[in-house]
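Structure provided below as structure tokens; questions to follow.
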């Protein structure tokens, strides 16, 4: 099965071309335009000194995220959620997932009383928007943390990150486990799994869903194997995108 | 570690006492009041001949679910979502999870053009409300399907179910993998995982989240082991609750 | 006309079997599951020391109520008000009625700066849900007040209640005044009246509505007569449900 | 007690000056600007041939009402409900009351498949706005029905009204039963009662509420006596306002 | 073209009969019922000492406006925005326009920390409701400012107004520039322009829109000429409406 | 005054560098990423055969537009309108303006029963976002119309456009009329004017607002002069962006 050639010529374990354009925004403290093939997400990180009222005086920071899709990021235009007057379940779910994934590698004590809001706006969608969002959001977050330290909002020796984090969508299509599903693959997958992994190779989130038949444990294991390979590759691309920020590595400590 | 005695005297692999009172409602086509210790959820299944307009004429049915908590099901009263004027992200997410889990064992062709809405209302919450909801919802669903067949809305020989489905919350607390977390355990878990499993022992959903440190693959494996044991036990309790419905087993076919 | 035998064998003045299961909830400070035949309402009373900001420092407490129906409490499933995004007129109206009825027997000065929120959630509806709610809510309220005094939030000798309160639905069906209308009676009543009465037999609310032809003053008088008989009976059932709470009678003072 | 002179020189049974300016609107099929002293309500009746989809083909018409207050109709400016994004409980309750009161005197079969929407917008509020609305709404309704018959939308000999209807607010202030409470009286009333009465003197709605102490049956009787006197007077004023519409009396039949 | 006689006998430059009934409301600090022919708008000004929290301590006041239409102010009944649960784009746009127009002639420093909310409720609509609202709102505002000074909320010698302000709707119909379009004219205008002008003849707002063909600069100039003539006339009517308020002229200073 | 050098070295009549990247989206029928200096707007045009129900059978098409800003397009992060649950007045107003501007150059008869929805999403905001949106939207619209003709949805010889349209923001800053205000200029402008002009030099919209002192007619004239110069330049840039679409000029007819 590993000899399978996919619709776009990829091998099962191969991701689409991934690019990260850091510093896309002239205004945000951190930003990254990330592409996985035709999937393109603009991630911005807004750094604000201070925390919401209910956190004041506790010495810890706050990181949250919001995800949205432009109305014509998809093949057919979708109605705006602002026009509908409410946010749908899928949007809520993905926003919460991105926030949890980022918080898993943030040391809020070391961050101090500062707030980071990460916005992931999908400009174009071709499968894997939530995992692309997490991967790009980490880059925007790291850039904003570097800004915060340079501005003196974060203590000079503080290490607000405990690790990096990246995510990949894997799935079983036609009985074959594949990494980084494009939309045409995703729409016919029997099982779909989003896996969020730290730079050290531990799991932050594992969300597997049977779209058709329930999946077996051996299939689950094969998907996790693929995910670990791909997130390792993504980690290298993230490091390259951040490489020219002076002292970026010193933001990352080790979990106690 | 397997010698651990939990706060309520349970062993790590032991669930709380589980009871299912089928047919609780005088009005719904299917219903079950399910308890996992102090967690109590009222599940009703509403069977309506016909489908929403966008499905008409396709010969397939529709199954959906809604989850909600009574305002004082929790230790501190929560504001009603109807009063807030919108449904929160967590509610949306759980409603969608229940719906997906049920649809994974429904053959919508065999169901025919009929609609089932499953309501899971948490009367009292002490951890594991979403997995209790799925486990109870299956019983309400099966009862309603039996009603639908008896009324002639479903063809006599049709097998609208492909399997049964049950769910359990497992997690790592103080380094020890535990099954069926009560609220006091859940609130201090390092890793929390909801696992939805068919009667045949295959996975429908695996949702693992690192609440504190990321988790290792060996930990993931231990949690899946526990989940498979507990869901097997739940399957037996579900069968017992449905046993006095004539011909209930004939609703379940085998997936093609 | 008083020889009329009703669809379920009752005499015109006879209520359905009424049961009150006090302390149903493990978490709420006061609770009661009340049944009038197939009508079942779960009433919880949440006691919180302190009052909303606009009442602070005035030395008076606050009592409010919210009413809701589970989506499948009725014969046909209703859409959830949380899903609709707004509370309907009927729900608002009944919530306000329950709150006014309870406040009519509360001495907010004696209550002190404490807040009570009473939730009445209809689990199953077969007519008379609003009057069952009021009757059950009083029991939950009294239990929560006893809790508040035991905890020291209410002064030892304070008498936060001035009386008890109960309610009944009465109406004219086929020209005959009947007490405690079941749904099948209510739906064909010419006149429908909800009457809220104190333990002393005075009126808190009288809400009579002509559903068909306008009603005559003699009819109004006959309905009030029935209501006074039934609410006296309900008062006895309430006292029995509360009887095992030590010192419950000392919560009730006399209106100045 | 009947010698009481009220703050504005009225006797207990005396209403404020009541005026009805029929045909105020150049556009609505029926309209009336009604004043009870400083309380002023603009009532319009919109007549539309046809009924909502769910009523089509049943041969019956539809009458509904909406009540609202201008933001500065009151002594302190209130926020608009359109700005709040939802209608409050009180508004809903009054809209429903007006609708029920009007439907009580409409023969929807004789009306045929026509829809009437009555809008009652309070331009200035000084107590009794809901009862003034009902009293004015009847005049607007009758004018619109006359228009509908003249246009041929209602059959020539049909009698879409079964009676007239008017309403008054009565209450007990300082122990004295008073008719047509102004705001300063209403705000200190011990008991407040809104009574809706047909031209024939039968009751459509009786809504009595204890604002302070519960009320006794003798008090209830005294209030009903007052209400019957005042609504008889209002009926005469309504008839005068409608007198110059040719054939207006022929719209009113007798209930079968 | 200037010999054109319009559908109601007016010349192109002639406005409909304009009347302003100042002090219409018994409760508002300022009020005006303004008519332009059949267009009738009730404008109230609510004066409150103090400012919203975000303005406190800055020594400046706040003026804002809200516009709305009664549901049957138009030829066909419109749904209420409170019932829809949101304010439409047109309502927002006009509310903002009225607010800006009034603030253009208010010296918020001289006003001091006081808040004015101007409500413009259209009772009847026959074209030009937004410009009638601005013209009437100015009168209500001036009356309320006089009240505020009389009450001592505004310093005795302060001049909170820098000028008066009025507005007119002009447009090109059948190739002819016309002033004060009635609805039948407005609905077939090729170009529609709302012009807000100070008493000194300077522009506050110019909003010209091509409804059909784009308009030429010569047409724009002709419309501005008409607008200046009509607003000069409106200024005289405003002054007359305010003339009997002692010291009204002393509220208006000159812009620094 | 015309010798003024602006903060970024521009002359008063000079726009910022304007670029239009047509065909940015892989999915939309038409798209353009337009920049005016740091202001960047992504415009997509969604072409759908058919029209909304209320337009069916009339032989005319429908063009509408929606405008929105990404939360971190601005210097400080704004809350999403989807999260607030409603669209603000400014957003509504600009969406309506863009829609009107485009419809002014569309011949809906020639378009036939087709619908175009133009989305203008501001990725980065530095003043002039609404006029950049209109200018970019025209390019996206023209591309989508060419697509529609190529697909056969628009008749081969039909000319659905009557002209091109572009827009510019002009204003008076420090007494000097300037074209294409950047944010730092806009925020201190005394007068701000948005002008929408066809390729032929006629006006579609003129919206001038006094932000401080009212403006004089001579000032208005100077601003219109500037706007006509700048929109002529923008027209050339639009044509260049569309030049490589075969037969693009044949989409534009002459207004009858």
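Letters A, B, C, D, E and F mark the chains in the order given here, with residues in each chain numbered from 1 onward.
One rule holds in what follows: a residue touches a chain if its C-beta (ideal position, glycine included) is under 8 Å from a C-beta of that chain, and two chains touch if they have at least 3 such contacts.
On a predicted model such as this, the values are computed, not experimentally measured, just so you know.
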{"item": "Required minimum of steps from chain A to chain F, each step between chains that touch", "value": "1"}
{"item": "Over-half contact-pair match to A-F, picked out of the listed pairs A-B, D-E or C-D", "value": "D-E"}
{"item": "Centre distance in Å when chain E and chain F are each reduced to the mean of their C-alpha atoms", "value": "29"}
{"item": "Centre-to-centre distance between chain E and chain A (centres being mean Cα positions), rounded to whole Å", "value": "52"}
{"item": "Multi-partner residues of chain D (each touching 2 or more other chains)", "value": "85-87"}
{"item": "Ring path (origin chain A; first step to chain B)", "value": "A, B, C, D, E, F"}
{"item": "Chain A-facing residues of chain F, complex", "value": "25-28, 31, 38, 42, 44, 46, 48, 66, 68, 70-75, 77, 80-87, 91, 117, 119, 121, 123-124"}
{"item": "Contact set on chain F toward chain E in their complex", "value": "86-90, 92-93, 95-96, 100, 104, 163, 193, 197-198, 200, 202-210, 213-217, 220, 224, 255"}
